[in-house]
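To start, the structure under review is shown below, and the notes come after it.
Read from first to last, the chains carry the letters A, B, C, D, E and F; within each, the first residue is number 1.
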Amino acid sequence: MLKASDIMSHDVATIRGSATVAEAVKLMKLKNLRTLIVDIRSELDAYGIVTLSDVVYQVVAYGKDPEQMRVYEIMTKPCIVINPDLGVEYVARLFANTGIRIAPVIRGELLGIVSEADIVYKGDFLENPKLPLLQRELARTIENAKAICEAKGADSKECIDAWALVEEIEAEAIYQEGADSPETTAFQAYCLEHPEILQVRHKALVE
Amino acid sequence: MLKASDIMSHDVATIRGSATVAEAVKLMKLKNLRTLIVDIRSELDAYGIVTLSDVVYQVVAYGKDPEQMRVYEIMTKPCIVINPDLGVEYVARLFANTGIRIAPVIRGELLGIVSEADIVYKGDFLENPKLPLLQRELARTIENAKAICEAKGADSKECIDAWALVEEIEAEAIYQEGADSPETTAFQAYCLEHPEILQVRHKALVE
Amino acid sequence: MLKASDIMSHDVATIRGSATVAEAVKLMKLKNLRTLIVDIRSELDAYGIVTLSDVVYQVVAYGKDPEQMRVYEIMTKPCIVINPDLGVEYVARLFANTGIRIAPVIRGELLGIVSEADIVYKGDFLENPKLPLLQRELARTIENAKAICEAKGADSKECIDAWALVEEIEAEAIYQEGADSPETTAFQAYCLEHPEILQVRHKALVE
Amino acid sequence: MLKASDIMSHDVATIRGSATVAEAVKLMKLKNLRTLIVDIRSELDAYGIVTLSDVVYQVVAYGKDPEQMRVYEIMTKPCIVINPDLGVEYVARLFANTGIRIAPVIRGELLGIVSEADIVYKGDFLENPKLPLLQRELARTIENAKAICEAKGADSKECIDAWALVEEIEAEAIYQEGADSPETTAFQAYCLEHPEILQVRHKALVE
Amino acid sequence: MLKASDIMSHDVATIRGSATVAEAVKLMKLKNLRTLIVDIRSELDAYGIVTLSDVVYQVVAYGKDPEQMRVYEIMTKPCIVINPDLGVEYVARLFANTGIRIAPVIRGELLGIVSEADIVYKGDFLENPKLPLLQRELARTIENAKAICEAKGADSKECIDAWALVEEIEAEAIYQEGADSPETTAFQAYCLEHPEILQVRHKALVE
Amino acid sequence: MLKASDIMSHDVATIRGSATVAEAVKLMKLKNLRTLIVDIRSELDAYGIVTLSDVVYQVVAYGKDPEQMRVYEIMTKPCIVINPDLGVEYVARLFANTGIRIAPVIRGELLGIVSEADIVYKGDFLENPKLPLLQRELARTIENAKAICEAKGADSKECIDAWALVEEIEAEAIYQEGADSPETTAFQAYCLEHPEILQVRHKALVE
């Protein structure tokens, strides 16, 4: 799976919060960017962001004079930031959940910026959509767990660990899909046929 | 003042609602666009729109397979449309009020598309922000009204019409700014000194 | 299908943005209306709207004096406007998507106004709900496509065109319902039995 | 000040949650209403509400068949309810804060229903807007407090109580207006000139 | 089913709207509370509420001085109130629908306060989740209705009343689940086998 | 200024996404917590969060069985995370802007969790509200800049740097307050009296 640092743009421009909106627009135009980062002044400070939308919604829409307005009047600060290791699908979900379209990638310092265009054009969701991958991985893991349990016994530690992995992947797949919990999970189905596994697992939990 | 048709892009690509999301993304990439219009099939039908955000928020974020999803599952239809004559500041205000970032320009047929980038880069808000223009126009109109009323009399039809124009421009300027109504409007201030104008205007209204 | 112009009210009252809220309320009461349109002053101008909700939420709720407040302080401008040809179900969907309850019908000039009451009481959704109609039309179109393809051959232009129409109607029906894309569309089901059609269609697309 | 019970409509129709949407629409039409109340079945149950908007947004907009849909699929339950004694301005503010347009008036049982039209047409905000009333009451109360303190002494219980009333009315007036707290309240201004009052009040608080 | 009065906290602290935010925070800290109620001054007045969130979002986030800000600047008034008899699941649904996390319980006077923690820790949803209870009750009621109708005849008043009860419970169960209406309700399924019941019911409705 | 790591709680409990809601509630109760963190499984994974609100809004409100529902059905993942160095006022502003009430503190690994109660009770906003501090710092910095410029000359590098610092602090103070940009900034006021500074600064920018 690709991560934020694999798709981010390194082409980031920063601006001071005290700059005028006119200066910000000229910088965007010059650099062919839709977004500027408002840099931090100290470790305690927060990153800010100013986008084309802020200019349209808060300056043009009210006929305001961009020479008189300052970046700090229209910026979002603190902005939501992204960890460079975060998987691209999680970046997309974070964007969807919080309604943002772009965010700086930070680890200690400003590393880059990830936009919707980066996600769609530099990501690999066209070739490798994650949900089908997870579903195939889930099927393989279930097969594997069944094989281990047959070989080592339903009450072996290896069997219990194998099903624990199944549960994690199944949880991720259902979460990813945004679906409801199934009536019967793969593990529960297995337990119906091999009830002895439950007693061992229970013992492991209480010890 | 510039209008929507002055700044719109003519570079519009349309797609059918039954196309797959994968087809939509490839078309966007090919044409270097962030948005596609879903065309109408008849006069009764509504224009739709699909953007990069729809792909990120509804497909990538859930790991869904873009070959299996269709445009009609993620498009916005009907979308908000723009009249080609609408002033650019009003386009910006409509975007701000409804939270959109792009819209097709329609008069009978699809003429073009206006985005935030068109508003900021093709508009003239840097050189001619509207609010200062309106405030200068308001000052001129007030001077003019006072001159007319002095020449023709505060109870003349010309004087009343001149103040009616002042009121309209003042209303537009305060609305544009998003400000509260003033304690005393320019006309009310004038009336305090020339109360005779009110009687004439009242007579005009009741006749 | 009925369209906006079939159900709109012609009983529209307009008001100037510089009028007081008290004047607006009296006009609503006199005309027994819940909404007034703020008329445009020039082609570049935008239509505005003021409703009972604006008066309750922004004047009564704050104990403000309606003689002192002006319509431009509480109106929505630009408001979302409706094309007279738009189908009534699309008007309803536009209302649902944008959270509005009434909108002016415009083509060049102000033709009328469509409210929720117009949609429910003047529309025909009780007798002719659209989704069952579409589903019946879809079933008929599928039958028709199968018959044409049997008569003319699965690789005939007539057959391909007939299935293209099926796809459009199926897309509209699923969109209308707000449902997910089906595992297998009607056309895909047909292709499983008549794979020769895909080769012809592919050829048509690349030519 | 008028209260909810002074302006509510007694013309309320109730419907069961299991009724079809078609039945609900016919009942609304018959009674010329925009809203129905879904009655409670027991003391523990909650009142529900179904409006024209629910029908437009959830039935017409999706082309659904109103004979097949039930009221419980589109109703809001529990709905926000209003106490019959609540002042009309507070009803309006509650509507504004929660985005509702109508609510049942309940005390033990269903007494009536208050809509935006009731607030605007049956209320007295045109003749007696609350904020100017409060501001006049505040001025009177300040005068009164000053007179009492002069007569009885700034350290008398009567003086302290009189200023406590001033503070309450000032708080209400500023809250009502939605304004920020003033730099100096009326009481603080008075204290600057009569610091002895603070010592007495402090003693009263700690005793 | 438990009701609001069964789980509410009696530990409620009230504050005046004119108190400073600093006083409110100290009172919360002293009493170990996250919420204060702003009491009413007269029957016409509305209850208000101030929470930790209001302090964080409106005071700390803007670096404001809590000695200078007043409770009325950050409180929510009127707040949504709860009837002591309301079932706990309905309290939870009201919270979910309106986005609140705590509310005063009022009947004539302030009786207590219900928070999310009260719902989760004092309610019985772990032992007695409502939906499974309703589904079991529905199954029993259907069995009962069938038995009554067999004994008394499908056209008896007892049979009709028994199915009316089924419809109410089925409606409640589907509403509770947030599910769509079923293709065929339990009563409709019964009618397919015993069409005579419909004629009797119809007669009852028109008499 | 305090930072997130100064006020965070170290008392964090984690849970797997595949756990049942009943298990999550029991863990919250046992540990006396309102929130659990859903831990990551790999570096690419995202932190999740589940709170009392999720349980109330999505389980109790729908009468669902907490033994059947899983944490991944109700959690928020990815959740917004906080850098341990972020100033407490910025944490509060981030909460206000995104509507959250609690967030994990992450640097490489999970360090702690910051809630509204931590901000209000462990922060120092009662004693040291930030805005008055900034305003005093601004006043001092302006005095300092004036002194430097008088000593070194309005066209000295030291003078220009001193005013650059003034502009940054003024920007921060106005942003913090959420206020509009002033008509004339401190630096602009100084320039009116010492126009020579502008020429030097301009030269510095273009070199």
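Definition applied: a residue touches a chain if its C-beta (ideal position, glycine included) is under 8 Å from a C-beta of that chain, and two chains touch if they have at least 3 such contacts.
Because the structure is predicted, anything quoted here is derived from the model rather than measured.
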Next on the checklist: Touching both chain B and chain D, which chains are there?
Outcome noted: C
Checklist entry - Taking shared residue numbers divided by all residue numbers at the interface, is the value for chain D and chain E over half (same) or under half (different)? => result same
Checklist outcome for this item: Turning chain A onto chain D by a C-alpha fit takes a rotation, in degrees to the nearest 5, of 180
Checklist outcome for this item: In whole angstrom, the CA-centroid distance of chain D from chain F equals 35
Item to check | Shared-contact residues (touching 2 or more other chains) in chain E | outcome: 93
Checklist entry - Touch graph across the chains, line, ring, star, complete or other? => result ring
Checklist entry - How about chain E: which of its residues touch chain D in the complex? => result 1, 3, 16-18, 41, 43-46, 68-70, 72-73, 75-78, 80-81, 83, 85-87, 90, 93-94, 97-98, 106, 167-168, 170-172, 174-175, 180-181
Item to check | Residues of chain A touching chain B in the complex | outcome: 22, 25-26, 28-29, 34, 52-53, 55-66, 88-89, 92-93, 95-96, 101, 116-117, 119-121, 123, 125-126, 129-134, 176-178
